[in-house]
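One structure below.
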Amino acid sequence: MIKRFTLMLLLAGLGAIFAGLIQNYVADEELNLTAAYYAAHTAEDIGAANIVTAIIVTYRGLDTLGEVTVLFLTAAIIGLVLSQGNRQQQQPQRKLPPAGELLVTGTRLLLPLILLFGAYVFTHGHLTPGGGFQGGAIIASAMLLLLLSNPMKRFSHRLITVVESASGLAFVIIGLLGIAWAGGFLDNRILPIGTFGELFSAGAIPIIYAFVGLKVGAEFSSMLVSLSETEDL
Amino acid sequence: MAEVLVTLAAIVTCMAFLMVLWRFIKGPSPVDRIIAFDGLTIVSITGILFAALAAERGIYLDVALVYALLSFLGVIVVARFLERGF
Amino acid sequence: MLATIAMTTGFLLILIGLYGALSNRNILRMIVAFTVANTGVNLVLVAVGYMNGRTAPILNDAVAAGEAISRIIDPVPQALVLTAIVIGVGITALMLAYTYKLYQTRGSLDIAKHTELKW
Amino acid sequence: MTLSIGMGLLLSVAMVVSAIMATRGKRSLGISILAAGLASLLASVMFLLLAAPDVAMTEAAIGSGLTTFLFFFVLGRVRRGEHD
Amino acid sequence: MAEFLDILGALLLLAGTIFLLLGGLGLVRMPDIYNRIQAGTKATTLGTLLSLIGVAFLHPEWSLKLLLIGVFLLFTNPLSSQVLARAAHRTGAHKSSSMIVDHLEDDLGEKP
């Protein structure tokens, strides 16, 4: 009872602070200095139509590297936590209700479509909304669909690990090439910027985002796989 | 003329959204709620169309593409959970 | 106006999520409440970057590169939230993995049953 | 302009309702998870109204399948341990 | 001519949203789970397709993406509703009195 009362008091205090914040909020009329710099210079410096992509990949590329590292650590810890109880005891296979024929056939039809759409999203990240993170999530969704249509499906851990490591390595190497050939780490001008608004433009952004997409997709897939391979209770 | 009709269509969509939301809140059985969830995602696609029309930006439709291709996954997850499929 | 609505919704979601996380005793319910609060935080951050009458920070036929300063909204919060969502999924997956492990070793998800760390 | 404000109000109400459904302790856990997923899907449309298509796409791609599956998977394992 | 196309597109959009409304009404009013699945997926799919065509009339330069959205909807929507109906059948929702014919049970050959 006293606990519930304290909780209510805490939430009421937070609510009062939030109400004050909303009351005093005045929307900006002009862009602030950083945003104005990005808005004015992205098109000629980076060559990317999508300014958010330019910020994530180039202006704040180091943050993206850190984020991908955090995701990698998360996937690794999940694999570690869940594999400890995974002794080699062969239980009799659980009897699962099989997926319907429509789901199996539909998976066969939709899987290439979803993978293709994921590839479209992360290669067009500099032109349309989307990019590596979204594309990676879409590719992991394809894996999820495969897992749903056949729960006993086992993926190759080695393949996922190889894709993840190779794309992470390529991401860092491209970043280091930026130090050698252009202005700094993850500078996209190691390739010609090209015509604004075309697919092969914006320097190295499509390549970097493709590697980020593959890495994120492999990380989410490894999370799904290590969860789904846990022993039954 | 066309603007008036589009506004009317948006109002009708909002009413449909409210109805499906009512079924989501009320629905006696879990299957009812999942049907309402599916219906809400489909109505949301039309909502995205209206957002794109209001902002006059064709690129907003990419989000509708993701919705159309991936929103059925949630329904399939819950359905397979209900029949104890994983 | 739209920014105020979205901000209010975000703050309400944060409050509801905190209430759910602090008042429930089932660990899975607490994680669900955390994801709700996470959505609320993202909503507030995006709403701060919104400006009335402006459009998305993507340059194409509709927004030429020259007039971008007066037409687009602040892109920096969007880049922040984009990464925050992906990290949020990672954190949720990590919490769920620990929950599964806890259930496997202890056989219960009620936090009142786990009293070793209490003092 | 009024169109997007009206849609924003409607989405706001729906999100608050589904968040309350997600955190109330009386309903079954599956319904809570479904309601949380609904809140995240509606938040994606709200992001689009706030002129953030990148964020909306991320939320739609992640909130629809992946999060729901993670929750339901753990819930299924827990449920099977309890009833069988 | 352009004005005529605009009005035609807006009318198609309105018709599509009316189908959405009817789907929502069916979802509220139908007595049985299977009827609700019918109303909640068939009518809304038709309504969304009609409104996609309407928007294509309003903005012809978006046609390709709208066509893709329609194709994806046609692929995914029946799939999800079929899996859902199957799950509803397996969890025993078919015990309502209004159901007379049950072919799935005949095919499976099992008593619930």
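A few remarks follow.
So that you can tell them apart, the chains are marked A, B, C, D and E in the order they are listed, and the count of residues begins at 1 in each.
We adopt the following convention: a contact is a pair of C-beta atoms (placed from the backbone, for glycine too) under 8 Å apart; a residue touches a chain by one contact, two chains touch by 3 or more.
Remember, predicted model here, so these are calculated numbers, not experimental data.
The chains touching chain C as well as chain E are A, B. Here the chain at the heart of the structure, going by C-alpha means, is D. Comparing chain pairs A-D and C-D by the number of C-beta pairs in contact, the larger count belongs to C-D. Once the centre of each chain is set as its mean CA position, chain A and chain E turn out to be 31 Å apart. Put simply, the C-alpha centre of chain B and that of chain D have 12 angstrom between them. If each chain is reduced to the centroid of its CA atoms, chain A and chain C end up 16 Å from each other. A straight line joining the Cα centres of chain D and chain E is 21 Å long. Residue positions of chain C with contacts to 2 or more other chains are 3, 8, 19, 23, 50, 55-56, 58, 60, 78, 82, 86, 89, 93, 96, 100, 103. Multi-chain contact residues of chain E, defined as those touching 2 or more other chains: 72, 76, 79, 83, 86, 90.
Residues of chain B in contact with two or more other chains: 10, 17-18, 34, 55, 57-60, 62-63, 65-66, 69-71, 73, 76-78, 80, 83-84, 86. By the definition given earlier, chain contacts exist for A-B, A-C, A-D, A-E, B-C, B-D, B-E, C-D. Across the complex, chain B is touched by residues 55-56, 58, 60, 62 of chain C.
The residues of chain D lying in touch with chain C in their complex are 1, 4-5, 8-9, 11-12, 15-16, 19-20, 22-25, 29, 32-33, 36, 39-40, 43, 46-47, 49-55, 58-59, 62, 66-67, 70-71, 73-75, 77-78, 81. Remark: chain D residues 53-54, 56-58, 61-62, 64-66, 69-70, 73-74, 77-78, 80-81 touch chain A in the complex.
Those residues of chain E whose C-beta lies close enough to touch chain A in the complex are 72, 75-76, 78-79, 82-83, 86, 90.
Interface residues of chain C, counted against chain A in their complex, comprise 3-4, 7-8, 11, 14-15, 18-19, 22-23, 50-52, 56-60, 65, 68-69, 72, 74-76, 78-79, 82-83, 86-87, 89-91, 93-94, 96-98, 100-101, 103-104.
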